[in-house]
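Some structures are shown below for you to check.
Look at the two complexes coming up: subunit A is in both, with subunit B in one and subunit C in the other.
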Partner chain A sequence: MSNLFDLLVAGLATGAIYALVAVGFTLLWQTSQTINFAQGEFVMLPAFLMLAAMHAGAPFWLAIILGILLSMLLLGLAFKMLLVDPMLRHGVLPLAIATMALAIGLKEAVKQFFSAEASPFPSIVPTGDISILGHAVSLQSIGVLLLAILAVFGLTALLNRTSLGHQMQAAAQNPTVARIIGVPVERMILLTFLINAFLVALASLLITPIYLAKFTSGEVLGQAAFIAAIIGGFNQVRGAIAGGLLIGVLDNLAAAYVSTQYRAAVPMIFLIAVILFRPQGLLGRAEERTV
Partner chain B sequence: MKSTILAGALLAFATATSVHAQAIKLADVAELSGGGATVGTNWKNGIDLAIEEINAKGGVLGRKLEVTHADSQSNPGVARAQVQKALDAEPYVLLGPGYSGSVKVTAPLAAEAGIAQIMGGEAAELTQGGNKFLFRTSFGQQSSMPKVAKYIHDDMKAKSVAVVWVNNDFGRGGRDVVVKELDRLGSKVVADLSTEAGQADFAADVGKIKAANPDAVFVYLNEEESARILKELKRQGVTAPLMGETTLIGQKVIELAGDAANGARGHVGLTTDAPVDLIKAFRDKFAKKYNYVPDHNGLKGYLAVYMVKATTDKMGKVDSKAFADTLHGLTIKAVDEPGILMDVTFSDTGDIDRQSFLVEVVEGKQVVKQVLPKVN
Partner chain C sequence: MSGFAKPLKIAFGLIVIAALIAVPMNFNRYGLFILSQWAVMAIAAMGLNLTLGYAGQVSLAQGAFVGIGAYVAAIMTTHGWPLPAAIVVAIGLSFAVGWVLGYPALRVQHHYLAFVTLAFSTLAFLVFRNESWLTGGIYGISNIPRPHIFGIATNKPLPFYYVCLGSLAIVSLAVWWLIRSPWGRAFMALRENPLRAQSLGVDTRRYTLMAFAIGSALGGVAGALYAPLTQYIDPVPFNLSLSLDLLMMVIVGGAGFFLGPFLGAMIAVLLPEWLRFTEGYYLMLYAIAVMGLLIWSPTGILGILDRYLAERRTKAASAQRAVAKSRLETVQ
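For the complex of A and B:
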């Protein structure tokens, strides 16, 4: 029972990070029909930007700020203007393939200019345990879970309770009508790219102390988040959140109770089942687009 | 006058040719570039240092040693081509490569040529295929794992052990030997966990270890995965003592795992931190020549050349065909040949028996806690 509790907490912590990344998938899809296959590498890169800042002498807190700002500049603004905008006019598929190329480019660039070896990365959450319901639970798991949940709730509040969020919703649901009623659609789309960049930078900050900074570390994350987004519902932020948490827990339980070798297969089997029996995802809605 | 000059020149040429012919030729194929560049460069520098020393003292049986270095680019395919090229030059002994994968594909070539190959690979299977020309410079898993199991049973007093291993040839080979030995000694394996190479998340594996509540945990993963599991073990508050091999307590692991590496123990066959005067002297000489402290691969390269010297001295002649037969079963004592650094015995399969070291990570540094004696 104690083991199950530990597995659930660890799974939820990892799942919350998957959720951050999966939310980014859905945001980009909803506003600009971008399926970003470089999303995993987008999580990998900010950690290296932060490490580069630290190597240049910046303290950790400053490196975090610089890393997030640079991520928003490179993975938000530059990504949209230099890759998505020129490619999107050729269709969704060429853009998806271009993001695959970008993923390879980012990995090779980090390998070439930083290192092919893993690097340590400091944690913003202190180590140690706290007692919950009589179980010793790692502070790091709880901290990661809380920070990720806070980010997701903040985003949900922004989308549902502010004028800005409503404009983003309008831009996603019907850009033509949104333009007619005065919503700056292009600016709203850019904002979703910047939010995605912020989320991946946050995910990077939370996951890298556990996974270590390595040029390949985005592969697992990107795949898990993509599966999470589809399982939860690619057209719903709340679906991506649920999918992320579900995949995190499922992955850990599969590794513990099924087999380590087949742990990656279990979410895949679940994905196939969802596609077969509920193709819009667990919380998604058929034929609807909303953020 | 002209004829005198011509005669002198001919004499000089003949003398030079004679000296050249008398030199004993060694061929080295190592990982001088690519992913294994650190391994190969240390190995090469160790070789060069040993040859310089031996030649300064008059060589082997009065003949100088010469070595050619070729780069395998850390690629088994390139290693095979380079070894074939080296063998075509008919060297006395082949040195290298360091990577087990490269050794695996080059060993049949050397065996076919009847040339002894002294290499740096550690995978158990390398010396289990009946190759009569292959020799190690460090422990294979079949030599190191019994020592590890004995330490876990005798010194750690562990009655129950969790074994975590990486699911590849390296991990499986080590796991099979250690589990067998633990079973023989009476320590029960209460969790036998295979993990994947490159695995990032060890939460579930550590959860299983916690559930098994072992007296000790044996970790046999590659360096990066070792660092990740050390962090996860600390995160989940596992307090059972941790035991491993070089891959658990290496400097890179300590750098990656930080505080989580403290307290981890590991068995290492060769380390320049060993409390052995000859090794300390080697370390100083190496550092003076190359301006850095070598890792165990520098020691391996150095030892390889002294294996050539000691075996040739034992034969009393330079005979590449008889070399392998002589080295099989040979014990070389450091008191007779200081370059061998520690007493060593070679088995009929080319494996070695030598004292080794139990290292513990203390405040981010490797500290040699115990010297483990030769098995035989």
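For the complex of A and C:
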């Protein structure tokens, strides 16, 4: 039983990070039909920006702030203006391919300008174990889980409780009507790109201490986030959260109870089943777009 | 392409074919390998172009079919079977698996379909890696023989390049014929307006499955040539990134254009090699080039040409109208 408990906690912690990435992914899809194949690389990059700031002599807290701001500038603003805006009106597929190329470019840039080796990354939550219900649980897992949940709750509150959030939802659901009633749709779309950049930077900060900073580390993460987004429901923030947690737990349980060789197959089979029998996702509603 | 005079087009085609036969004769081993790889990837991309470009069904699994073909060829030829027999089996197996993979396409479309095929691709990779009794696992299969064609050994790079080029020619002719047959028109009807196609009596169900199966079968052909080309295969080249690369080839070349896959494969296989002189930067520059091209022309390289020709035609047509109008006025 203790084994199962540990697996669940560790699974929820990675799942919460997947959820952050998946939420950003669905936000981009809803507001601007962008399937971002570089989402995993978007998580990989901020850690290196922070490391670069620390190499330049900045203390850790300043490096975090600089890293997040730079991510919002590069992965939010520049990504939208240079790649998404010119291509958006030409349909989903060319843009998706362009983000694949972007993923290659980001990986190669980090490899060339930083390092091809994995670098250690400091943890913002204290390491060590604490005892919960008689089980030793790593503080890191708990800290990651709490921070991720906090971020997700913050985002949901922003979307559902504030006027800004309502404007963003309106811009996503029906841009034409939103424009007529005076919602600055363009600014709202830009805002979702900035939020996505913030979320991936946060995910980067949380996951890199666990898996080290490496230029290829986005590949697995990006795929896990896609799957989480689809399983939960492509058009629902809470779907993406549920999907992320589910994939995290499923992955950890599969590694322990199915063969390690085929652990990666479990989420895939689950994904195929969900798409075939409930294409709108576990929590999604059919043919509807809501933030 | 109809803006060119027909003899000019034929002459241009003949020059390209002659160049593909003659120029590589004094290439070194590596140059021939890259060019053979181009031919093989062009075959796989042509298959995906049928599925995606003509029938409009997104697939992220073409790399898995190249893998299936490669493993069939590797296993059969190392057990003494001739390559043509292996190609036939590779076609049959890829066709059957592709047919089954087409079933989800009857239910879901677009990005959902992309993700189902993506999941299939990952599952296929896991099978290649883990079923070591069949595929050799991570150690792969080595010493894959190259075939004797009409009694001629093709062990050397140049003869085998001609095998790849010849196969590309045969596949091209077959695809050329297919897209001009009623089947090709049915595929395009499926892409443009499935509902209307169905109401006109096109069996959309059958043609969707067919589009997947034929496209996948060509992936199998490419794989069956890839195995003897590299003479050693392991699971790594057939992971998801090959499927993504092939998709990129189709889009960059121009999806739905007959010549698109040739150009796309050229960009994806040859451009990185030409950029090698920039050393560590070559893949970065390649990525920037692909993004730049897609921003400039989201319909790919042939999209640029198509747009240019369409503009010229409109200009020519309006010039003719102006002439006709002025004649009319002088008569009055």
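Criterion: the second predicted complex is superposed on the first by the 291 of 291 C-alpha atoms of A that agree within 3 Å, B and C clash if a C-alpha of one lies under 4 Å from a C-alpha of the other, contacts with A are read in each partner's own complex, and residues count from 1 in each chain.
Quick note on the criterion: contacts are C-beta pairs under 8 Å (C-beta built on N, C-alpha and C of every residue); 3 or more make two chains touch, one makes a residue touch a chain.
Everything quoted here is computed from the prediction, not taken from an experiment.
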Contacts of A:M81 with subunit B and subunit C, given as first, second, both or neither: neither
Which superposed partner A:E117 touches (first subunit B, second subunit C, both, neither): first
Touched partner set for A:L7, first subunit B, second subunit C, both or neither: first
Touched partner set for A:I65, first subunit B, second subunit C, both or neither: neither
Partner chain in contact with A:L276 - subunit B first, subunit C second, else both or neither: second
Partner chain in contact with A:V220 - subunit B first, subunit C second, else both or neither: first
Which superposed partner A:Q261 touches (first subunit B, second subunit C, both, neither): both
Partner chain in contact with A:L164 - subunit B first, subunit C second, else both or neither: neither
Common ground on subunit A, meaning residues reached by subunit C in one complex and by subunit B in the other: 261
Residues of subunit B that touch subunit A when the two form their complex: 35, 167, 193-196, 198-201, 203-205, 207-208, 210-211, 224, 227-228, 231-232, 234-237, 252, 255-259
Subunit A to subunit B touching residues, read off their complex: 2-3, 6-7, 10-11, 14, 116-120, 127, 129, 136, 138, 140-141, 209-212, 214, 216-217, 220, 251-256, 260-261, 263
Contact set on subunit C toward subunit A in their complex: 58, 104, 107-108, 110-112, 114-116, 118-120, 122-123, 126, 129-130, 240, 244, 247-248, 251-252, 255, 280-281, 283-284, 286-288, 290-291, 294-295, 298-299
Subunit C partner contacts - residues on subunit A that touch it in the complex: 35, 37, 83, 86-87, 90-95, 97-98, 100-102, 104-105, 108-109, 111-112, 223, 226-227, 230, 234, 261-262, 264-265, 268-269, 271-272, 275-276, 279
